[in-house]
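You will see subunit A twice below: alongside subunit B first, and alongside subunit C after that.
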Partner chain A sequence: MAEVAVKNIRKQFKGGKRPVLDDISFTVKDGEFVCLLGPSGCGKTTLLRIIAGLELADSGAISIGGADVTDTPPKDRDIAFVFQNYALYPHLLVRENIAMGLKLRGAEPALIEERIQEAARMLSLEELLERKPAALSGGQRQRVALGRALVRHPKATLLDEPLSNLDAVLRERTRGELKLLFKRLKGTAVYVTHDQIEAMTLSDRVVVLDKGRIQQVGTPADIYHHPANTFVATFLGAPPMNVFPLEEAHKARAVEDGAASGTVLGGLRPEDVQLSLELKDGFLVGKVLLAEPTGAQTVLSIESSGFKFRACWPGTFPGSREEVFFRLPAEKLHRFDADTGERL
Partner chain B sequence: MKRLGNALFVLAVAAVVLWSLGPFLWQVVTSLKPTAEVVKVPPTYWPSHPTLASYVKIFSTRPFGTYILNSVVVALATTALCSVVGTLAAYAFSRLPLPGGEWAVRSILFVALFPPTILVVPLYKLVQALHLLNNPLGLILPYTALNLPFSIWVLMTFFKAIPRDLEEAAAIDGLSRWQTLWKVVFPLAAPAVATTAILVFIFSWNEFLLALIFMSQDAARTVPVGIAMLSGVTMYEVPWDQISAAVVLTTLPVVALVLAFQKRIVEGLTAGAVKG
Partner chain C sequence: MSRDRAHAGFGPREAAVNWSFAVPALLLMALVNLLPVVAAFRYASGFHRLSADGRMFASLWNTVRFTAYAVSIETVLGLAIALLLTRPFKGRGLVRAAVLVPWALPTAIMAMAWQWIYNPEYGILGDLLFKFGLVSSPRVAWLASPGSAMAACVLADVWKTTPFMTLLFMSGLANIPDELYEAAGIDGAGPVRRFFLITLPLLKPTLALAMVFRAIQSFGVFDLVWVLTGGGPGGSTRMIALYVYDNVFRYLELGYACTLTLVMAACLLVMSAGILYFTRQKEQA
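Our next item is the complex of A and B:
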């Protein structure tokens, strides 16, 4: 287990118009679970591959456990990598797949066997050890890929969207198991995902990436409640945060507090909008344009004097209602610079 | 109804098998006939007195053992050379960042477009200059050169289909390039390598034109040329029984080889059709 430090990493692919990674720096502490979160194509995989040594950065440095490994080949970095499509050796048994890394490092057969059993126990692979990958289900393959990563007790485990090939039910369950597993191992992990739920539920800290730049680094609560800019504000949360020119909301008299110029954006999470079926003090009336029930809540699209936003209604919204009363509480309002998108 | 369908199916298969194997079976029958019966009119469909005399004759009156030995040496060496060089070259072309690699592959394929007939004269001069006429190497090297483009092309297609992630997983597990090639890529590519190897073997075993021109001495000849040079007592007599015996004998190794690798070949030909 060790710390992983990424310093000023830049990367531009040949023929690429702009850098895929632009001055990326962050540190994963010893034993910490960090997610790299961002939309597809933002450079997450490239960054993970650079940490692993599968790809070389144009400039910048990587250090693992205090040692600079920028020019070290992958096998000498003592890291494990879980590939998105698992990349198990199809011609080898599960047991051999798991043991490969240890064997090549000259581990004693007794130790190898002990580690295989340990990994098999942790991941419930006991029954599968003598099978080949072709005879496994997607979830089982995923566990073998994890097993292969964990047997070596690496300094850090790098995971590239390891759950993305599983169906929804299995993904949910595996996510929970993964969290318990890494909590128990206290292993340093860098986990790439485009799924905000995965990032929120699994991580100690999240690194939010967009267009090759770090948008924010923080705990899941941090990035959710104090988004650094409009990208983070709208990328996290389902439904996403309402972001609107504050002036517009003023004109609709939806927001009561202080004067705002045209250069300020307001942000309000749909669940922070107060709703009521009866008129209450300080509430305005809005037209329900669309009601989207999701079970636990109903997402309402509301319009009032030309100002549109979304809000969450707990449970099922009465289908006959075309109007609802709302209040946008000033204390929950986020403010962003309209030009830069940065938090004010 | 189902039974009738089955019967028709069996019949159809039998017809196809007979149609394809007919000429070969005729050779077998002819090779077992006494010399006099071969040219009898009307022909007999089964030898009246089956005999192995013609098999004995090709070894006693002709150096047929030498021909076979030459063929085995040439075909095996060509196959081995082609497989090793082809595998390594195809892997390098499909995986390593070679400057100009793309153009190298194209020019290799371009070379393969020339009909070998055009190459006969320049090749002869080359082999002569290298003092390799009547030397097995004088065939092994040209055969390898002629078969490499095809081998490289087939193997490249196969290597490209092997997920890159697998090799990267190997790199993280600690395998060197050579170990990756040997322990991961090669086992997965084995069906393709076996397929190309057999096709190269068949080519080298059957090649006639270069073998005829480059190997002028009887002791250096390979089987196809040897068979063509079989002649009877007089110029006008063709020893069909001996020719048939020779053909049967030289077809057997190929049949045996294909049967031995059949499973692999089928895998190789259908590779990529199903995800593993």
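Our next item is the complex of A and C:
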């Protein structure tokens, strides 16, 4: 396993109006699991493909294990790639699919067999080795794709939304298995996803991308609790952070906070809003516009003197209530520049 | 459940309605396909002559050779061109259209053109080969000697029908996901390995279909050879379809001609089954 360093990568597709990747730099440490997180079209898959060598950057450099591989073809980068649609050879058995990478590199048959058994044990594929991909379920195919990636003991494993084709239950289970697997292997991994839960649960660090630019690099806790800008603030969290002109909140007297100016945006996570069914000291009354129960909590859309925001009520909110008392704690408030969206 | 099935068109009443839609087409099929077969069986005669009919065996052998040469060359060439044309390059659309032109031409007309190309007096082929120093004289009578006449027929057929193979293979290639090639590339396969690891096995169903289709077509070849050589010289390019024609229109042996068409059909059946069986077995192995 090895470090992966991305330096000043820039890429623009022919006919594109703006670059899909603009001056991207970050380093994945040896044994680290890093997620590239961002909405569709933010350039995360392109970035992963550039790291793999499946796509060439216009400028910038990629190094794996300290060696510059910018112009190295994919097969010589010693990486493994897990494709979104798994890309298993449909006419080959699971065993042959897993073995192909080693076979093409001229590994000894005994070693190949040993590695196949190792991967099969690790991923519970023992029963499936003699089957073809068409006879496997989505989750099983996904495991075979992982097996094919890991069997070579690559320097780094690159994963392109590997869970996106699984149903919700299987996705959650596989996510857990994946985390345990990489923890055990201590493998360097770069994982592309648009799913914030995946990014938060799996990664050691997250690289948040939007419009071809890095918005923030940090641990999941970091980017959640200290978002660098309004994009990160609203992209992470379900429901997302309330972001509002601070002045507006002041007018509604929702926030007791000294410095108010038109150029500052306030941000508050819905779970940080304090709620009560009874009037308490420092609480205001708000009208419940919408209550969305999600099971563990109910997401309330609240309005007070024209100021609207969302808040989380733990458990089930009493359906008959049309009013709720709230407090927006100033100490939990995030502040952003209204023009740039950057954290203040 | 039964309600759903009825809605989906599987109830007894719906089945009747569905069949009524299919019946006109089935009748037409029966008229143009089944009726001639039944008629051939009805009027076929002279089965006992078959075993002693040297001309039949010779023309069958000619047809088998013609089919084998033409289909194998067209397959290899068609695949090569398809592989080239699926790669992105400038003006690809134009080249793709141009490649299809020979296939769009009527066979008889294109056979006339080839006759001119092969003409010993003014044909361009002899002239070209002479200029490249490959023949000692530009006046080669390509269609007058048994060996070169067969080759000439095959060449003309290859020129005409390779585009058709290319078209089929291009659609087959389009169905192979790029990700597989990328995965193989990361696994360490170069272009040649990728071809044998992915392209060939995944193209096998298309290959089988194209080969069966083309084999059936070339086994029944008539117009091309008829215009080009008329079956000569000395019967060296007389295909089975030409022999059937001779029996009907020259010898007026309608019954025996029917027998010959049955022989032809049997050969085709065996050949198609063989190709399909061969490719299917390979696929499962």
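Please note the rule applied: the second predicted complex is superposed on the first by the 344 of 344 C-alpha atoms of A that agree within 3 Å, B and C clash if a C-alpha of one lies under 4 Å from a C-alpha of the other, contacts with A are read in each partner's own complex, and residues count from 1 in each chain.
Heads up, the rule we're going with is that a contact is a pair of C-beta atoms (placed from the backbone, for glycine too) under 8 Å apart; a residue touches a chain by one contact, two chains touch by 3 or more.
These numbers were taken from a predicted model, which means no experiment stands behind them.
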{"item": "Fit or clash - subunit C, subunit B, common subunit A", "value": "clash"}
{"item": "Which of subunit B and subunit C A:Ala52 touches, first, second, both or neither", "value": "both"}
{"item": "Contacts of A:Gly15 with subunit B and subunit C, given as first, second, both or neither", "value": "neither"}
{"item": "Contacts of A:Ala87 with subunit B and subunit C, given as first, second, both or neither", "value": "both"}
{"item": "Touched partner set for A:Gly295, first subunit B, second subunit C, both or neither", "value": "neither"}
{"item": "Contacts of A:Leu104 with subunit B and subunit C, given as first, second, both or neither", "value": "both"}
{"item": "Which superposed partner A:Ala134 touches (first subunit B, second subunit C, both, neither)", "value": "first"}
{"item": "First, second, both or neither for A:Gly66, with subunit B first and subunit C second", "value": "neither"}
{"item": "Subunit B versus subunit C as contact partner of A:Ile79, first or second or both or neither", "value": "both"}
{"item": "Where subunit A meets both subunit C and subunit B, residue numbers", "value": "52, 54, 73-75, 79-81, 83, 85, 87-91, 100-101, 104-105, 148"}
{"item": "Residues of subunit C that touch subunit A when the two form their complex", "value": "177, 179-180, 182-190, 193, 197-198, 201-202, 283"}
{"item": "In the complex with subunit A, residue positions of subunit B that touch it", "value": "163, 165-166, 168-175, 179, 184, 187-188, 276"}
{"item": "Subunit C-touching residues of subunit A, taken from the complex the two chains share", "value": "52, 54, 73-75, 79-81, 83, 85, 87-91, 100-101, 104-105, 148"}
{"item": "List of subunit A residues in touch with subunit B within their complex", "value": "52, 54, 73-75, 79-81, 83-85, 87-91, 100-101, 104-105, 134, 148"}
